[in-house]
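Here come two complexes built around chain A, the first alongside chain B, the second alongside chain C.
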Partner chain A sequence: MSVRAGGGTADSPGMVSDARRGRRTGKPGNHPWRNLLFALPALIAVALFFYASIAFIVNASLADWNFIGAPKPVGLGNFQRLLVDPIFGKAVIHSILYGGVVLFAQAAIGLGLAILVSGRVKFGAFYKTLFFIPVIIAPGILAYVFRRLFDPGGEMSQFMHGIGLGQLWQPWLAYPETALWAIIAMGIYSGMGGAFLIYSAALTQIDREILEAAAIDGASGRQSIRYVVMPLLKGTHAIFAIFGLGAAIGVFDIIYLSTEGGPARATETISTYLFKKSIVEFKGGYASAISLVVLVVGLLLTFAILAFLRERPSRKPKEA
Partner chain B sequence: MFFGATLRSRVGVQILLIITSAIILTPLAAAVSTSLAGDGAGNYAQVLTLPQFYRFFLNSAFVTAVTIALVLVIDTLAAFAFSKLDFRGRDILFGLILIGLVIPGVVLVVPIFYLIKSLGLINTYWAVILPKTALLIPLTLLIMRNFFNGISNELLEAGRIDGCSSLQNLRLVLLPIARPALAVVAIITFLSTWNETFLGIIFLQKEDLQLITQVPNYFLQLFHLQIGEIFAALLLISLPTIIAYAALRKVVETGVQAGMGK
Partner chain C sequence: MTERSTSVKRLAALSAALAIALGACGTAAPPSAPPAASSSQAAATASAAAVESVSPTVDPATVTGDITVSLWDYGNPDSKTWLADFNKVYPNVHVELKNVDLNAYRQALQLQLTSGQTSDIVQLYESDTPQYKDVLEDLEPYAVKTWGADWKSKFAPGALDQQIIDGKVVGMPQYLAGPGSLFYSQEVFDKLGLKPPTTYAELKDVATKLKAAGLQALALGVKDGWIDTYVYRIIALQADAKAQAEAAQCKRPWTDPALVKAMQVWSDLFTDGILSKDQLAQAQYPDAVDALTTQKAGTLFNGTWHNQTLTNAGYKVYIDGRTLPDPSHQYVLRSTNFPAVIDGAKPVYALGTHGWGINPQSTNKDAAWAFIAWYVSEPGQKWIADSTYIPVWAGMAPSYTDVITPDQVNDIKTQTDYIQTGGGYVGPTLILTGEQTNALTDALQGVATGAQTPDAAMAAVQAASGC
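Coming up: the complex of A and B.
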């Protein structure tokens, strides 16, 4: 309608016909290649840093290569070594444990907090700001803070001794048996604000009328959450799982800057091992093989999450 | 929204929120108290007299500013193309960019290291700026394109009829409306770049060039500073992001909704 009105005021008939054509093609003059130019910088950046990189990894994973000399082809040798590399095996198990526990805890805490502050809550703005602060502090800095927190001579330790609970406060990061769990606690702490933000956003998008209808039908707050909200959040769980998966695989700063993967490799994960093999030891081929395996498994998991979503579509109305 | 207005439920909610707040605040409080160890506020004064501290600060500010500018320009142009223009393969190309969302940057470390090394960019700001910009594009472009999708095409038609070219339409019609999306993308890019550690560790070995997230290590190794001074530095580093976020929280929340939604 506005097109027609605008057309009436245009000076030249040529523009009107441009606009008419534009309606069909999305653009006047129909210059498909010129339109592509707008997207070109983004496409080049992504092509170079993602797709060329992946091709590079595939290629390098089949060679013995130290970043400087010529790559020496070794076929699948890197992958065969990877299969029997006990440290890589450890790193994978640690990454799975870290990812699983951290993601589940973050989602549960984030959703719980989002529900708590979803209504009109006193000091709501304060809580919302505070919950996100750990996310905006650099993980590299949090690593130092936690190192100090777990330090036997640190304030936290003194405080716990002061109130007679010193036995509970140990240098958890220093013991091989507990270091990974201390790292997991750091991971939950640093990322739960992100889950809180995502679930808060999802809750504000739920139609108020549905909740009011549930309340009129006599549902308690708890029942509304269980039977109305949870089924509507399936898509949000998937978004969080997909982003969280990437974050869990990529976690580096908080580990490397607090334990460097130790003690005794107890906190070695895929990312710290990859960093050591590539940047420290210059084993370009072997590191590429690790990258490729992680990339493929990560993509498969992502597609599995998406397929799971599609198979069980979110809530259908119960009555016809 | 889910809990009644009775005193009991309101008190229950507050108790849970206060416990969570206490858990979140404990490490931060420990950091503040550590930063005052020894000389008290003098630790902050000590850090602020170190010329290196400003050097690191300016390095991070420069890298962050350039990255934000690049991301905004690239995203705006591309979001316009993917949302409002037609060209062959548009949806497939956008899908290919979105796959980047689920590729963790760390698995790209070998090729990125080789690329930056081959271009002779090690120990330059570009070693951080270029990979950072590229890795942020999938997420920020998705947010921006979702926002552009919400802007009526009729506005552009009107612009066209008034004789705007595509570029003029983008500049004069879309950009003024898209300011909230630009703000969200700028904030995400700011937080991500200001807090970047990995790329700094890999590419910036020269002290003059290092990022603010590399400060603790540098101070630990070279100045034998006391723990109090180091923590004073850590808190000073974190201040800009905390202030930025507290001031702009609403914008970020709107942006997350826009990025997830519709």
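Coming up: the complex of A and C.
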């Protein structure tokens, strides 16, 4: 497949060639400027609400500003403070831990459940509904329920004491050593239904004949999943990872409603710290610097995920 | 309510409190309803009637037109009631209330005030007022015109502390409330033969007996920094009335012996079993408050705003949906001073208030001022008094008409007298920066978990204080 000047290929002429042809033939809607015109409202919206916002944040990050009075320029002072801010360091580590564990667990559980109910399964629709329910629970309710569960007099405590494992129970959200893990458990629970849905949809797109062919070639169920299903789900992994990354970095509600980042900052994440700095402490400039760092790191991680999951040439099987 | 709080939960707590308070206002008690026909109640009723006959502070004939008021979510349904009262006096002023969730409100107000695109009147969250100093109308000329040059003397002690920033009158106070109360269950205390503690030793003894009875000793939502810092504030005031206020202004280090001592007492509350490390998972609202309401705890630390649970209307709200040991029984919640936990000290209260400010871009500032002047003076403060809050207008006292029992009337009256004239409020109102409040919260929770010593915790506060 040779690439031609003008963007098209020998096999498929491409959009630019089509457009040129459109001009020659006078077909409506194929003029580039006209296409641009149609895209203009969206472009303006993106420029205004996305790029202008970033420009605003960049500007604010270079100032000592409470978002109300006149900003005082401080150059890179906010970024220098960030580098030595121990709480920000903690928040970054907690966010990475939360994001990594929650993403991996949600993907594993979501995919596992999707595989379990794929194909013809009795009460399949019931199971699918059941697995998806956590997604529609409002974070406020979820946080309240989990706080109740983990409360010293709560249901979890009563259950564990009831089955004779009371000595293993502790108020997970109360102790710095366990609070983040309790939050992670909440995060996994709240998002696994979404992962299940994404993987369920992806599994339905896999041609059954491929799996049948693998079976005919002697592949076991496990081998089919590892060597056939998983490679075919690479795109889904990428989408899930990117969306999940955004959700993990931005997670705020369940943490703030459960622990407010405590006890003693044990569950402080970037988003809760950002909120405290901007809204509670009126440190608008500093909060903007945090936002900018998060944006850059988020973009870098997104590119890294895409690069990692980019399709590579498959290895040639060893010849016997 | 004195610190520059950082906690959304405190806001929720106060929101709930005022919602109930205004609920009490809106739920007009039938003449036969109050069972406590005490002389103090009769006096209060007479006082309320007298207040209703007071002339409005700004001549209604001079103001007309539309004004908008931005406020956060609590009290919206009931605000219609007092708004109707306002409109009886000012029929030519149309007020539109713009109620939003408090968190969203605080975020939006930052941007709205920067651009000037906001309502004529804005509600000011107590600790945020200093931030709005440069973007709100100076209310001093209005106050002088309405009440005369000595207008400040018309307000209760402490009422204006958080509204006057660097000499500028940024806002006018709404109501006074603050921490320093100990609530307890009459039934539990009677059953165990306990008396309200007045010293640390007595508090420890009561806690031991409560725990032996299988109850939580002192309900407190240690998860919430706002209530932790309130407890610390009360202990620090007992240790040295000026220490924390001076530390907040960098006039004294946070490692001052009095402040370290206060932190040591906070630590002792945990090591002596009065508080438990497990309470780090509990929120003040609803967890700690529910623990007392449902008789699972014997006592509760809270603010004067919680006196609403001593009213018929407030009690109904707080028990709604809760499982009580005997659902048919009306439990009696009592209120007293939090004990003097520092040897030789006396009980203290810390007061504070939210405020009303005027947008300098308003096109109807006279009507906006008429509204504020009505609200903060006798006619408007009647609603505050009815909610058991302490009015900001000097000489007014909470109303006791809906308080359930004579003992409870006495509880609130004793507290209020102690705060207003008995030296219970020592002032000045403390204003911490957000960074100081968060650093103090970290320190308090660090000590509660056992991860930090009181000395190390206060050194960390000093390091983060910006001083």
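In this text, the second predicted complex is superposed on the first by the 265 of 320 C-alpha atoms of A that agree within 3 Å, B and C clash if a C-alpha of one lies under 4 Å from a C-alpha of the other, contacts with A are read in each partner's own complex, and residues count from 1 in each chain.
Keep this in mind: a contact is a pair of C-beta atoms (placed from the backbone, for glycine too) under 8 Å apart; a residue touches a chain by one contact, two chains touch by 3 or more.
What you see is a predicted model, and the numbers here were worked out from it, not measured in a lab.
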| item | value |
| --- | --- |
| Which superposed partner A:P152 touches (first chain B, second chain C, both, neither) | second |
| Which superposed partner A:I216 touches (first chain B, second chain C, both, neither) | neither |
| Greater chain A contact set [chain C / chain B] | B |
| Chain B versus chain C as contact partner of A:K276, first or second or both or neither | second |
| Contacts of A:F67 with chain B and chain C, given as first, second, both or neither | both |
| Chain B versus chain C as contact partner of A:A307, first or second or both or neither | neither |
| First, second, both or neither for A:V84, with chain B first and chain C second | neither |
| Chain B versus chain C as contact partner of A:R265, first or second or both or neither | second |
| Partner chain in contact with A:P171 - chain B first, chain C second, else both or neither | second |
| Which of chain B and chain C A:I163 touches, first, second, both or neither | neither |
| Residues of chain A contacting chain B in one complex and chain C in the other | 67, 256, 279, 284 |
| List of chain C residues in touch with chain A within their complex | 6-9, 103, 106-107, 110-111, 113-114, 128, 131-132, 134-135, 222-225, 276-283, 287, 296, 433-435, 438, 441-442, 445-446, 448-449, 451-452 |
| Of chain B, residues touching chain A in the complex | 1-4, 9-10, 13-14, 16-17, 20-21, 24-28, 30-31, 33-34, 73-75, 77-78, 80-82, 84-88, 93, 96-97, 99-115, 117, 130-131, 133-135, 137-138, 141, 154, 157-158, 160-163, 166, 170, 191, 194-198, 201-202, 213-214, 216-217, 227, 230-231, 234, 237-238, 241-242, 244-246, 249, 252-253, 256-257, 260-261 |
| Residues of chain A defined as touching chain C within the complex | 66-69, 147, 150-153, 171-176, 256, 259-260, 262-265, 276, 279-284 |
| Complex contact set, residues of chain A against chain B | 2-3, 6-7, 9-10, 15-16, 18-19, 22-23, 25-28, 30, 32-39, 41-43, 45-46, 48-54, 56-57, 60, 67, 109, 113, 115-119, 121-123, 125, 127-134, 136-142, 144-146, 148-149, 154-156, 189, 197-198, 200-205, 211, 221-222, 224-225, 229, 236, 239, 242-243, 245-247, 249-250, 252-253, 256-257, 270-271, 274-275, 278-279, 284, 287-288, 291-292, 294-295, 298-299, 302 |
